[in-house]
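Next up: some structures, all given as structure tokens.
After this come two complexes, each holding chain A, first together with chain B and then together with chain C.
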Partner chain A sequence: MNKQVISSVLSLILAASAQAETVFVTLEKDNALALIDPVEGELIKTVEIGQRPRGIVVSPDNKVLYIAVSDDNTVKMIDAETLKEIGTLPSSDDPETFALNPKGDRLYVSNEDDSMVTVIDIAKKKVIKQIKVGVEPEGITVSPDNRWVISASETTNMLHWIDAKTNEIVENTLVDARPRAVTFTADSKFAWATSEMGSTLTIVDANTKQILKRITFEIQGVAKDKVQPVGVVIDKESKLGYVALGPANRVAVVNAQTYEVEKYLLVGQRVWNLAFSPDQKRLYTTNGVSNDISIIDLDSQTVTKSVGVGNFPWGVAVKP
Partner chain B sequence: MKFLHYWRAMWGIIWRECWRFVTQRERFVSALVRPLVWLFIFAAGFRSALGLAISPPYETYILYEVYIVPGLCGMIQLFNGMQSSLSMVYDREMGSMRILLTCPLPRWFLLLSKLLAGTAVSILQVYVFLGIAWCYEIRPPIPGFGWILPALTLSGLMLGALGLLLSSFIKQLENFAGVMNFVIFPMFFMSTALYPLWKIKESSALLYRLAEYNPFSQAVELIRYALYGQFNQTAFVYTLAALIVFMTLAILGYNPSKGMMTRKGGSG
Partner chain C sequence: MSVSFIVLQLAVPNFLFAKTTKKGNLDIKIAYLMQIQKVRPPLSNLDPIVENKGVFGAELAIEDNNTTGEYTKQTFSLEKFIVPAEGDVAEVFNKNIAKKFAFVVTNLAPDITNKVADLDAAKDILLFDAATVDDALRNKDCRANVLHLLPSRAMRTDALAQYLMKKRWTKWFLVVGATEEDKRYAEAIKRSAKKFNMKIVQEKPWEHTFDARRTAQSDVAVFTQIDEDYDVLVVADEQGQFGEYLDYRTWIPRPVIGTQGLVATSWHRTHEQWGATQIQNRFKEKAGRWMEEQDYGAYLAVRSIGEAATRTKSNELKPIKDYLLSDPFALQGYKGTPLSFRPWDNQLRQPVLLAAPRSLVAVAPIEGFLHPKTELDTLGYDQPETGCQWSKAHE
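This part shows the complex of A and B:
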């Protein structure tokens, strides 16, 4: 009887731990990758990864981590289980952010210094094309229907619409100053772009490439110049979007239907990038100056915990 | 039979105090207005003044108004304790205290009943205040509202005992202003109610020590931890010890043969 109880308790514990995801955070200054258990709210470990790691993405099959190691001028492929390096991709100089297409066979890298987007065939580990874009490209995303790649150039203040089939720019949309990040809704109908200096979020119609709405952020007690939107994510149902507001130390909750800002959630200093948990019940934020990540419970819309991870946390990715 | 006698007396005192509080509508409102002014006006001005270190029991970054709420719960109890002491002085002047103290029950029991009555009133006030704070989006975890009850009982008793002790020293109502200046304000401002200890340490090591050993700080920390489902052992022991000391001194103070009443020439 006792054995039965113990074994059922053990199986429950194992099931619970199997459900828990792992959060990976790149530490720009520590040249390392931090692994966090978000359910326990604990740093599991930190591993050396290369010079100045920034952008990070998990492959669709959750087996490979792609990490832009900026000062090593490469994108590293890391086994998500063993954390061993399994290859590198030719990213050109100073890769910072990149996007993976939904199939997971193409990587689009922003080369800030060269004003280029490099398209890489992952299987062959070869550059397919380099596309000339505006000055200082940074934010980049691929639409879920794999039709469009958007590259946002910080100095030109433009979103460049690249046809994913031809790898050619077909349209440009002028947005507010210093666009930083861009993402699509799950139905690929709308793109949301943040403008760091303009302090706005711009919603663009993917059909017309025209601006639908400009959302500004006003936080009681926070100076306007501190509101610098960067990371942006939208939930699967396109009900709510979340915008990291940099030195305002807040994440804005934006209604994706009415485009009203519903709430501001207080997180750590200079909140930069965001990632959902696989079930979208939690949101993780990297806080670059306070050296931690904040965990947001999305059901209650509250920040439940902030966990110290190391120096200058930058990118965040989650593996189930 | 004897137990029933005790119970009836205690219940009578608690009921009188609660009834007096509820019927005195101005007192009910003013007891709530004070912490609400602090929450809505004072805290609004200091929204980002706290800096950005996370200190237990908090697990993430909080706004100043979230920090200040347990301190304001403590403030409600501190003022309530003093209010009780004020009403004791009033009772003494009016003669109802004489009637109470001549009742055939031990003096310590009557004083303890008085204390419990005051604490019950303060707990009532704190829950109403927390309800308003909840509407203002200050939402501690729900179980915290249960955990806070024993903490509020202990802190309320301790602060009430302090009031009781002070009332044994005060001869006339007019002297109550002195209590405000010499006890309530220093106790409140030199505590963790408005600023965390680490913040006080940044400005003055002496102030830090004074705030650390201030029984009001410990009571506030006990409330703060309980509200977030945690038990602060140091604060608990310290508050309990302070309660015992204040209560013993108050009982001695109200003893007509030994206490302050003799020196003041009768208990009124």
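This part shows the complex of A and C:
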């Protein structure tokens, strides 16, 4: 009885203080999840989550967090309010990154060691299919129109286009060395893929699966081999895309119409993954070496704050 | 007994090779040429003797190349020529490789590597040296048709020197073994000491017996009593005949680095960063053992050919060699930075791991060592100091 009262009071307080959004960051080396209030620019708390958490996604209804706990060989389902574990999904070995379809009923997991993509029915918590892809699949995404799943294999240097209906690979696009992350524009017409060792961003036409444009990044005072593109996001209007450049410690701002690089924003060390605030006024970056996140104000395109979060921040997700 | 060599062409049990003659596919044929080296018995029975170093690395890379090849309609195949220690490598090369292959991965002694490179039949062949570490082969004895995959001795000792400089362990006591290789390693150490302004307070040849198991306790303590104080003992013992016995037995408490203790290497079982865990796992599954340096060298060699063939859509020597030495070439080597060849000596530029037996201590270039082009060129012979002149190399 008492407990109930306390917890409902607590959730009221939480709800009140969380008028802005909550940023969730997985901490690979702390086996924990950090919660950040990005408006106050403060770390709210850190909770234990499992062995080596990496990929993190919020369900479309914002109620569930999916977190790949790689060394526990599972994807955990966490209640986004209470942070209690509500289930686990059969992800196969060493899950790292995964993607949710727009409806939120399918999860596609990259199994790096087995060169597989595992398709999971979330409601049934069952594996529907395992799809053989290239060596060391990493980045994975589902197009907003739910037609395509793209899996990027790091060693094969391919984007594998998987038909979301049949779960078969239909086409493959060769990109530059070590593709890491891939995402679609909101209209599902273009896929953007980063190549960590090739130092490029490749724009692919989703219709023809052909490469439209290959973008390179030149930053004054930074050697080319430090420019290692990883995380990539594109705004809803397809005006600007943002690319995390790893040990170059910068986020590139790319015009999504002209494909010009407009600006480089200096963030923390070894910037890894990116996520927008729900209103897309801010961008959050995980910085793996400086152990913090950078908060970027997108109207002014300036880095406004960095917040220390814990050891090896990896994935980032935002809940309104 | 007129047969002076035996050629082993091992059957490859991978399903991928069944497609070698798949119609419409571009075939890229790679030869792997290795001579079995006479090795001294190990110092102890702790570690098993690893045979066939390199072969599994080349095979793993062929499999990786073929996963890309499946989509790009290219088929990579590997034919292995393993020459016994007393065999004639040149004869095997002329008979079995010349005119049949454009790309040859070699795992040969330094002098044999150049002997092969100088054969008439090697003129239209690119050799990928996956075994030597000799600085001479990257300098005055360089060959335009040989690419070097493993870091040279100078790159390794520069890596150690950078780390010691960072630690401010600037006074070195150098102990040199009896072999030619040990002397070359010591030369590299002296060059690095000069380059990074370190002081070799004393150099001493190791002249005790190699049966150090019995006498190490007394021998080493006496041997390491020198007049000057020093920060680290640097040992040059490439074959591992006595170096392991120095640690914990020195007269004053000082760490051992060099060929034993803290070592500089291109690959190590303690390396797990930048996706290395994945290839360590894949290699172990395939070979049933840890990946050795020659395996890593052979892996990179075959992957280089794969990367160039994929990008140029070719299986011919010239376009592939041109691409390998061009600016866009970026090889993923599980070391957190793209690898590429130095055009002035054909050396693969790469980070060097500094490893203790059970922990990775650092990865060089160490932060703070800057270079106008790439920090990787702070290791080894940079362009201005190279002794390699292709024009002379052809004479």
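Definition applied: the second predicted complex is superposed on the first by the 301 of 320 C-alpha atoms of A that agree within 3 Å, B and C clash if a C-alpha of one lies under 4 Å from a C-alpha of the other, contacts with A are read in each partner's own complex, and residues count from 1 in each chain.
The rule we apply is simple: a contact is a pair of C-beta atoms (placed from the backbone, for glycine too) under 8 Å apart; a residue touches a chain by one contact, two chains touch by 3 or more.
Just so you know, these numbers come straight off a predicted model, no measurement behind them.
> Per the contact definition in the header, classify A:Lys305: touching chain B only (first), chain C only (second), both, or neither.
Only chain B; A:Lys305 stays clear of chain C.
> Going by the touch definition up top, name the partner, chain B or chain C, that contacts more of chain A.
Per-residue touch count on chain A favours C.
> Touch test for A:Gln220: chain B only (first), chain C only (second), both, or neither?
After superposing on A, A:Gln220 lies in contact with chain B but is clear of chain C.
> Just to be sure I read the superposition right, which of the two partners does A:Gln269 touch: chain B = first, chain C = second, or both, or neither?
first
> First (chain B), second (chain C), both or neither: which does A:Ser290 touch?
First partner only, chain B.
> Going by the contact definition given at the top, which residues of chain A touch chain B in one complex and chain C in the other?
Dual-contact residues (chain A): none.
> Help me check something: in the complex, which residues belonging to chain C touch chain A?
63-64, 67-68, 71-72, 275, 278, 281-282, 307, 310, 330-332, 336-338, 371, 373-376
> Could you list, by residue number, the parts of chain A that touch chain C in their complex?
112-113, 115, 134-136, 153-158, 172, 174, 176-178, 196-199, 223-226, 228, 247
> Which positions of chain A touch chain B when the two form their complex?
That would be residues 41, 220-222, 249, 266-269, 290, 294-295, 302-306 of chain A.
> Residues of chain B touching chain A in their complex?
Chain B reaches chain A through residues 44, 47-48, 52, 54, 59-63, 139.
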